[in-house]
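The structure under discussion is supplied below as structure tokens; questions concerning it will follow.
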Amino acid sequence: MMSKIVYVTRRERFNAAHKLANPLWDDETNKKIFGKCSNPNWHGHNYDLFVTVKGEPQPETGFCIDLKYLSDIIEERVTDKLDHKNLNIDVDFMQGILTSTENLAIAIWEQLEAAIAEKGCILHSVKLYETENNFVEYFGGK
Amino acid sequence: MMSKIVYVTRRERFNAAHKLANPLWDDETNKKIFGKCSNPNWHGHNYDLFVTVKGEPQPETGFCIDLKYLSDIIEERVTDKLDHKNLNIDVDFMQGILTSTENLAIAIWEQLEAAIAEKGCILHSVKLYETENNFVEYFGGK
Amino acid sequence: MMSKIVYVTRRERFNAAHKLANPLWDDETNKKIFGKCSNPNWHGHNYDLFVTVKGEPQPETGFCIDLKYLSDIIEERVTDKLDHKNLNIDVDFMQGILTSTENLAIAIWEQLEAAIAEKGCILHSVKLYETENNFVEYFGGK
Amino acid sequence: MMSKIVYVTRRERFNAAHKLANPLWDDETNKKIFGKCSNPNWHGHNYDLFVTVKGEPQPETGFCIDLKYLSDIIEERVTDKLDHKNLNIDVDFMQGILTSTENLAIAIWEQLEAAIAEKGCILHSVKLYETENNFVEYFGGK
Amino acid sequence: MMSKIVYVTRRERFNAAHKLANPLWDDETNKKIFGKCSNPNWHGHNYDLFVTVKGEPQPETGFCIDLKYLSDIIEERVTDKLDHKNLNIDVDFMQGILTSTENLAIAIWEQLEAAIAEKGCILHSVKLYETENNFVEYFGGK
Amino acid sequence: MMSKIVYVTRRERFNAAHKLANPLWDDETNKKIFGKCSNPNWHGHNYDLFVTVKGEPQPETGFCIDLKYLSDIIEERVTDKLDHKNLNIDVDFMQGILTSTENLAIAIWEQLEAAIAEKGCILHSVKLYETENNFVEYFGGK
């Protein structure tokens, strides 16, 4: 029987402060490399997060995954830890990691992958908008 | 000579009523599984549909496919049948199918695939937004 | 001392089914006047609701109105009653009213006006999008 | 001769950190009143700013105001001071002011009013989005 | 009996070429005043047009104005004349007028006002986006 | 060691005039094939351009590529040449090419590929919106 893989995406949002600064560098070097993103007093963003899972619709429900369940996983493991927080200080899974959008997307993937697999779906991508002009997408390293 | 495959997307919209309810289940079970989406008196959405085809631009026109033609196919085979309709009742190609976004995207793909192939292009994906926070994408089952 | 009136807007969303049909008319007349919006089996929309209140920021908080409170009022009095519902059947405050976007905006205003006044603010407008191309705004009849 | 007042709007954006906290209150009280917005380690937003001026189009140009000039005024007096900054610490014109969206819009108005009047136009409104769901508008206190 | 004025808005779109150039000035002066907008070989935009009318909902329909009729008026009198056209050359109602967004909004108002009044509604505003960052609004000169 | 490829996207915008017309055909044939897009006096668009590169975040910065650098490349090689220009006349890299969105996306890819490779990243895709309803994506011909 033919498979019918469908990709399902849930958008969530969080508002956070951060700065870009390499702790091994002095302020001047951070300013040179990261520009205004290195402001020692922080800046912040409204992040838009798109989590995509893939799977086959179940005959009884027509769902690959219950979006309420997907939303709950993202809230518990990601947005509750990031929303109205400082990404450099307050977040357990970002300790010691530069808070670039790239690194944040990778870390979000790692928070979600196993919990989604437990429900019989596969995490396909994490897409993260920092601004309307800049976003990154992570597919598990591929 | 090198190929130059380009992916061309047309957005169309339709507004429809539906409910999520498995006819083999009683109302209580449907309510438990589908929550407020199982309201017996229906609810509805503004659906956003993105149809992507791939092909090589033709030397005479620069087009992979005439977007007017693509839009006409989508209108004739999909949106005329869905717009201002009840997805559970009024739609020939959804008879007996649970009207999840996943199943609807698969059914739309099946409505479009052959008609696009007739014009020398290949249907690449059907992306369907149910709300600004929820959407699915179907690539023919891959 | 000079007043500093500020207008504060909260967006909420609801997804609902409805149809446009005058119960005094037969199906043919309703079809002639309302077109596909009169489909007896319903259609639906993702409605976007913008509620604007005006007031002066309080010295202790900088808020005209706590947006959490405003959001709770809208949820309790409006969106809980409309979301995933049939506007023609399920909604107490729409009984006997044609479910045009105009009439729905007026009815939402009437649901909200007193509750907002109780908090020392003034309801300024209710803006309601039915689609990305059609919306109405109501200012209490002015 | 009849006047032809036109309202011209320029959108600008800035990304900033802030927190909501009344310095006269202890942390517990701030937490109770402002919730997660009072996080001592800050959070942040992508702010969207819409500045509207009114005037008559000049016969020689068709412009009420040169949008390049309007954009330069906003950049010099507002967004250069707010972008990638901490609203509670880094901004001269927000010293001692609670950084609610309401207060920020009023302060932006005061930064812009005179500079726009110098060019023969009248500042009509400052509209400021904190998130896609929350925004305020200020018309000079009216 | 209390009036219940509602404001109803219809969005339409058109794509057009234009340039900003005062025919009384030489190319150098136009370049100095209008910058890259004066490119002699034209540039262009996707314009977004929002037409707002006000009136009272009719008891039989719940409509202030049938949006199909409003859309037809706009198409016949405005967008059919502007869409895929050159605003400086092809448009009867823009002959001899500098094609600033301000002047274009005024001219669109004048195209629409009488036709809307014939249907018992009042034209309230014409809002015209040239880009996502620049738009104008015209209320008949007030 | 496992690779951590991340896809980074930068949005840029440009406003341009163009027409669709095959120079080997007469006006009547062009009109028949391209419809209103063949208007001899041109029309235009606000183009939205999304350039996606892939690479691994650098340990020192967390960046795959400095977005300021990516933005500068796009500006220098693409948008400075297209913005407020006539695509059929003014653009060196579009000489003799039909200005369909497909061909324009391919040409933009060719402008960018080498400059991005010089910085140790790989150009992944060029996505180009002509309108909110029509866009194309090019992955180097794959």
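Residue numbering begins at 1 within each chain, and the chains themselves are lettered A, B, C, D, E and F in the order written.
Quick note on the criterion: a residue touches a chain if its C-beta (ideal position, glycine included) is under 8 Å from a C-beta of that chain, and two chains touch if they have at least 3 such contacts.
As the structure is a prediction and not an experimental result, all values here were calculated from the model.
In terms of the stated touch criterion, the partners common to chain C and chain E are D, listed by label. If you take chain A and chain C together, the chains in touch with both are B, D. Here the C-alpha atoms of chain A line up with those of chain D after a rotation of 180°, rounded in steps of 5.
Of all residue numbers used at the contact between chain B and chain C, over half are used by both chains, marking a mostly same-residue interface.
Averaged C-alpha coordinates give centres for chain A and chain F that are 28 Å from one another. For chain F, residues touching at least two other chains, in rising order: 132. Contacts between chains, counted with the stated touch criterion, involve the pairs A-B, A-D, A-F, B-C, B-F, C-D, C-E, D-E, E-F.
Residues of chain F touching chain B in their complex: 20, 22, 33-35, 97-103, 105-106, 132-139, 141-142.
The touching residues of chain F, when paired with chain E in their complex, are 13, 15-18, 36-37, 39, 41-46, 83-86, 89-90, 131-132.
Only residues 2-12, 52, 57, 60-64, 67-68 of chain F touch chain A when the two sit together in their complex.
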